[in-house]
Amino acid sequence: MLDQSASASANRRVFRSKVDGLRPTYGFEDVSLAPGTDTIEPADVELGQEFCGIPLGIPILASAMDAVVDPRFAGAIAALGGLAILNLEGVQTRYDDPDEILGRIAAAAEGDVHDLLAGAYAAPIREALIARRLDEIHAAGSRAAVSASARHLASGYDPLSLEDFTRFMPIPVAVGNTTNSEAAFALMEQGAAAVFVGVGPGAACTTREVLGIGIPQVTAISDVAAARDAYEAETGRYVPVVADGGMRRGGELAKALAAGADVLMLGSPLARAEEAPGGGMNWGMAAPSPTLPRGTRIKVGTVGTLERILLGPAHVTDGSENLIGALRQSMAALGARTIRDMQRVEMVYAPSVATEGKSWQRSR
Amino acid sequence: MLDQSASASANRRVFRSKVDGLRPTYGFEDVSLAPGTDTIEPADVELGQEFCGIPLGIPILASAMDAVVDPRFAGAIAALGGLAILNLEGVQTRYDDPDEILGRIAAAAEGDVHDLLAGAYAAPIREALIARRLDEIHAAGSRAAVSASARHLASGYDPLSLEDFTRFMPIPVAVGNTTNSEAAFALMEQGAAAVFVGVGPGAACTTREVLGIGIPQVTAISDVAAARDAYEAETGRYVPVVADGGMRRGGELAKALAAGADVLMLGSPLARAEEAPGGGMNWGMAAPSPTLPRGTRIKVGTVGTLERILLGPAHVTDGSENLIGALRQSMAALGARTIRDMQRVEMVYAPSVATEGKSWQRSR
Amino acid sequence: MLDQSASASANRRVFRSKVDGLRPTYGFEDVSLAPGTDTIEPADVELGQEFCGIPLGIPILASAMDAVVDPRFAGAIAALGGLAILNLEGVQTRYDDPDEILGRIAAAAEGDVHDLLAGAYAAPIREALIARRLDEIHAAGSRAAVSASARHLASGYDPLSLEDFTRFMPIPVAVGNTTNSEAAFALMEQGAAAVFVGVGPGAACTTREVLGIGIPQVTAISDVAAARDAYEAETGRYVPVVADGGMRRGGELAKALAAGADVLMLGSPLARAEEAPGGGMNWGMAAPSPTLPRGTRIKVGTVGTLERILLGPAHVTDGSENLIGALRQSMAALGARTIRDMQRVEMVYAPSVATEGKSWQRSR
Amino acid sequence: MLDQSASASANRRVFRSKVDGLRPTYGFEDVSLAPGTDTIEPADVELGQEFCGIPLGIPILASAMDAVVDPRFAGAIAALGGLAILNLEGVQTRYDDPDEILGRIAAAAEGDVHDLLAGAYAAPIREALIARRLDEIHAAGSRAAVSASARHLASGYDPLSLEDFTRFMPIPVAVGNTTNSEAAFALMEQGAAAVFVGVGPGAACTTREVLGIGIPQVTAISDVAAARDAYEAETGRYVPVVADGGMRRGGELAKALAAGADVLMLGSPLARAEEAPGGGMNWGMAAPSPTLPRGTRIKVGTVGTLERILLGPAHVTDGSENLIGALRQSMAALGARTIRDMQRVEMVYAPSVATEGKSWQRSR
């Protein structure tokens, strides 16, 4: 090392480092819900919700992922009170017979998945198939809800503004993936009918490793909910907040509502249903960037019917089945009759609840 | 992504996010007890305590779990100065010969446990068996103490208030599972003779994963103890606080008292006794919700007599045997002559004590 | 223990313990980048940078490690817009045929590596070989940049001051390894053309275990960047900050820029290239201290061409390939058109982003 | 749950919970040393120290453990500048031929260790053997330093005060195991010649699990050093602080000094020497409580001569060999010429330094 004593005077300066005062953020495993003084009966919990004008019996959306939603699945979840979102840029709108390519993806060897996915999503999207799938969804007994990336709306350096788009579209437009108050407020001002919260929390997404971007879901939901409440106070319009990704067990669904969510969108937990088209696998979109894939295939297994996953009875004790029963029980124990009540229960920072007292070997 | 620059004005709003200022909470592994300036002799430590009018030689209750307490076990722990709580809704009050069903649960294959437990607890509770078990407990030389869920006290939407119930009952009523000051204070106002602290900390309980609810035990005990002290200051009545679950080794018993507990209730650590009916297993209650089980079977092993587990001599060095000897030694090293003294020793946040300097391979 | 009650008066003193108010510091895994309200197109991101007067197409330097840089590698990275730094004290300047010794190090059995490295770096450095390698680098199409330790500049107790050295040298002198504001400011005052940040973060370095010294990279970069900004404000001269080590995936490159770096220096990630001389291994310098080695050999594997590692297309989804594509995508998603913009994006403390929702088994 | 609404008034009370404002404490893995602006040459570092009137060439004591110190080992470490402490209550003072019982302990099967240790320490301590061992230590070329528990000084409820004891003893008395400022100050007032810091940090001690007691070493050392400085300011007498246990690699030795220690006492790291009597094992004292053992046998291995462990050359890069070389190098890099300088270097909270950038597979 070189002699640096000549510059001892530098010691008297005050330097402002960016890391001083970094804001702490929280994920599902960091927090816990605190019982209060009152409880109610589970039967008295009201889980009905409205999403973009569609009444829901349960506050659950199925993610627009190819391994989760096809028209048959949309019918199955609608029958249980939820709503599926169809991916307009997935295999359903690229292939006459999507089940064939889905089967090949699910069955592919580890080493072949990447190339197979890249090839599968290179096939063109066909407008006729979009119409056909919407018809099939309606025929299956569900309202149709679809998802498309902003890529389709922008052209070169002159993207369509969201404000123009929402005014132009004949149907409500829900927008994502937001994680902060300012952006969410702006989307609401521009007419968003609902706001999706989450950048990369899902099990099949590697955005956080690849781009370094991401806000843990509890903080993201809480921040966007703060924008929703501020926007409602200013305008009187209530824009539902959708927690999108990162939830797996009943406890995480409960925490998402307690953080401020109105509706919960699930991917991998529903890919475990017999009705899911992924055959026990789930994967993120290999497109849009073939040179920088951020979606990975994960094995989730097929554990039972969608009804059992959502409404029980659970055959395991880890909270991954009977998700709605767990939510109902959690809200009852916390004295929350409605989702609005649930958004007000006490939440604490409690990273140790995950392991405390759990050192013996468990059966399932 | 869409153009959002039109809403730059949103940046000037102040949003109040629920996660800002989350309260930190602490479990047993997060804290450590700090030696002071004085020590006393272990022989001078006084561990006697009173619980609901019953004098205890040691401040230990056995949890109302089927794998822990039966009449024979109640006699064994009474002989050592503790007290067992019988589960009024378990196999003891449903079967003439509970040992047969207990043996089958302990011996069941992993995959069969869930269904076996669900079936076992579907048999009806018989009042005659309740009376018989109480007689057996008295015959074994123990006072009788029992546990029942609030379910038995409520009917439809008009539950009996705790205040009416405690006035009506001819015996003291201890209540749980509480984790916060306000609820604990309310229970004391309504006549609770003791308050149990803990939601889901035990090894055989999955409430935290399934419902997202739970407060780490050190914080929960400390909060309820604060209510106890405030209630005593207002009314002169001292309501003992029972730490219920999550303790496994001597160190955790010591920390529970230091956090403010008066009495310690143990489940899995006592299920390891030869006298325990669980045959080396322990399990949470599969009831009350057959559609959402939150109790799991864990293997705890059978390691020796109850006397050895509580009073030693220990044959291992990890603190899981001679729990009372460890407690006595800990209190002596901290200069605490009584449990009341122990509640005042210094506690620090010290997550690293669990691993510091422990990187070599240990013998037992 | 002995009686200490005679000194109870000591309790009234106030003791000032060094650990009270310790400054928290942050590494790459502790932080995450927060999306704002604006995004731009990846194609609009500008990654050009200047380093010591050399224009770079991408802000990437290759570390002066023997397993990473030789003349051929320097040509390969120059063709992609980056710059390699040759280690003047490594095998390239000690051996006529460095490939032979490199091959032996890469192929050595675990138990033989230490002695082999110690022997390899005992051979004398030859000035003629320095000149030959510089010629080869120029012939390969790259500007020449070299690294030497301060050891060569100092003699006994009268080291050449950096100020004299930078004035004396005909070329810009970049200096490291700095981790704090004061030292960095002093180096800039003494004429440093760039400052390297990092003590021991790299995968092949054990300085932190051996010496107990080290500042996590995000804090170190942020602190040195604060000095750069203060120095520029006082003098008008802008001294680039080089993040040196600890980055492995696109996310970490993005975080290093967001923490304040201008240029990123990579070792192990580039040792994975087919062009790298290390043959799938990387190692730190066994010299300078043969009695206290702090460099270790690690297996990094050979995964593809340097072009694929830097510019893609990626064949994995974990962010370790197409590092520049990831950086471009990250900056676009954060609305950062230039590296200067990227240094101003919001960063949060978010240790949980690494694991949230990631509990299923992944394919690559 | 029972109706608790009658007590809503309890919500208005303020409860003071013990856990609010818990003091954070730090272990070696939590902190890191921060480079400053100056460095010096390793050759200029001065490591000499005085302990209880004995001049030390290096600030290292060998722990009073049977697997570490016997007369031969005392001679070996004295030759290198350190000092061994003989355990007056171990096998050396109970057996004519301690090597025989030491060999049996080292060779015992896992399951037999507990009983073997309990039996070994049941043999009586013989005064004649104490005298013989002290002679042997002198003959081996070392000053004699011994350790005994307070048990030998106390009788019933009337223990000899430390003040009387230090006045009575013809030699300086060092006292432990202290972890806080008040207790340390009191010991100094009573005449302690040095203070040992540490409750349970060592690898062979399970006090923390068994009793729940312990302060992480960095905080404990820092607190006791604060007492030393306050005591020196009041009285002019400087009482050395000995860090006792929990250090394993060069980095931990450096951190102990930086936290405020004057001398470092090592157990397991020295039990790895060929000269150590433990034969590759180390164990804590099974006595004094046969009913509550807190010492465990750990396998440390035999890695080389004591000289190599202390002075190198190191054959591994993890910092566990050439401990003094590492300390000298660390102090030089931090610009600390003396141990007193080292006590003033900057320390930060940096839990992430242990893992940052270390995800590839290492060779040793």
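Chains here go by letter, A, B, C and D, matching the order in which they are written, and residues are numbered from 1 within each.
We adopt the following convention: contacts are C-beta pairs under 8 Å (C-beta built on N, C-alpha and C of every residue); 3 or more make two chains touch, one makes a residue touch a chain.
The structure presented is a predicted model; accordingly, all values stated were derived computationally and were not measured.
Distance between Cα centroids is largest for the pairing of chain B with C.
Superposition on CA atoms relates chain A and chain B by a rotation of 90 degrees, given as a multiple of 5. Interface of chain A with chain C: the two copies contact each other largely through different residue positions, with under half of all numbers used appearing on both sides. Chain C and chain D, compared by their mean Cα positions, are separated by 36 Å.
Put simply, the C-alpha centre of chain A and that of chain D have 51 angstrom between them.
Contacts with at least two other chains are made by residues 1, 4, 7-8, 10-11, 25-26, 37, 182-183, 186, 219, 333 of chain B. Those residues of chain C whose C-beta lies close enough to touch chain A in the complex are 25-26, 31-37, 41, 44, 150, 153-154, 159-163, 165, 175, 181-183, 185-187, 189-190, 218-219, 222-223, 225-227, 229-230, 249-255, 258-260, 312-319, 322, 325-326, 329-330, 333-334, 347-350, 352-364.
Listing the residues of chain D that touch chain B in their complex gives 1-4, 6-8, 10-11, 13, 15-19, 22-30, 110, 113-114, 157, 178-180, 182-183, 186, 199-203, 206, 208-217, 219, 245-248, 268, 282, 289-300.
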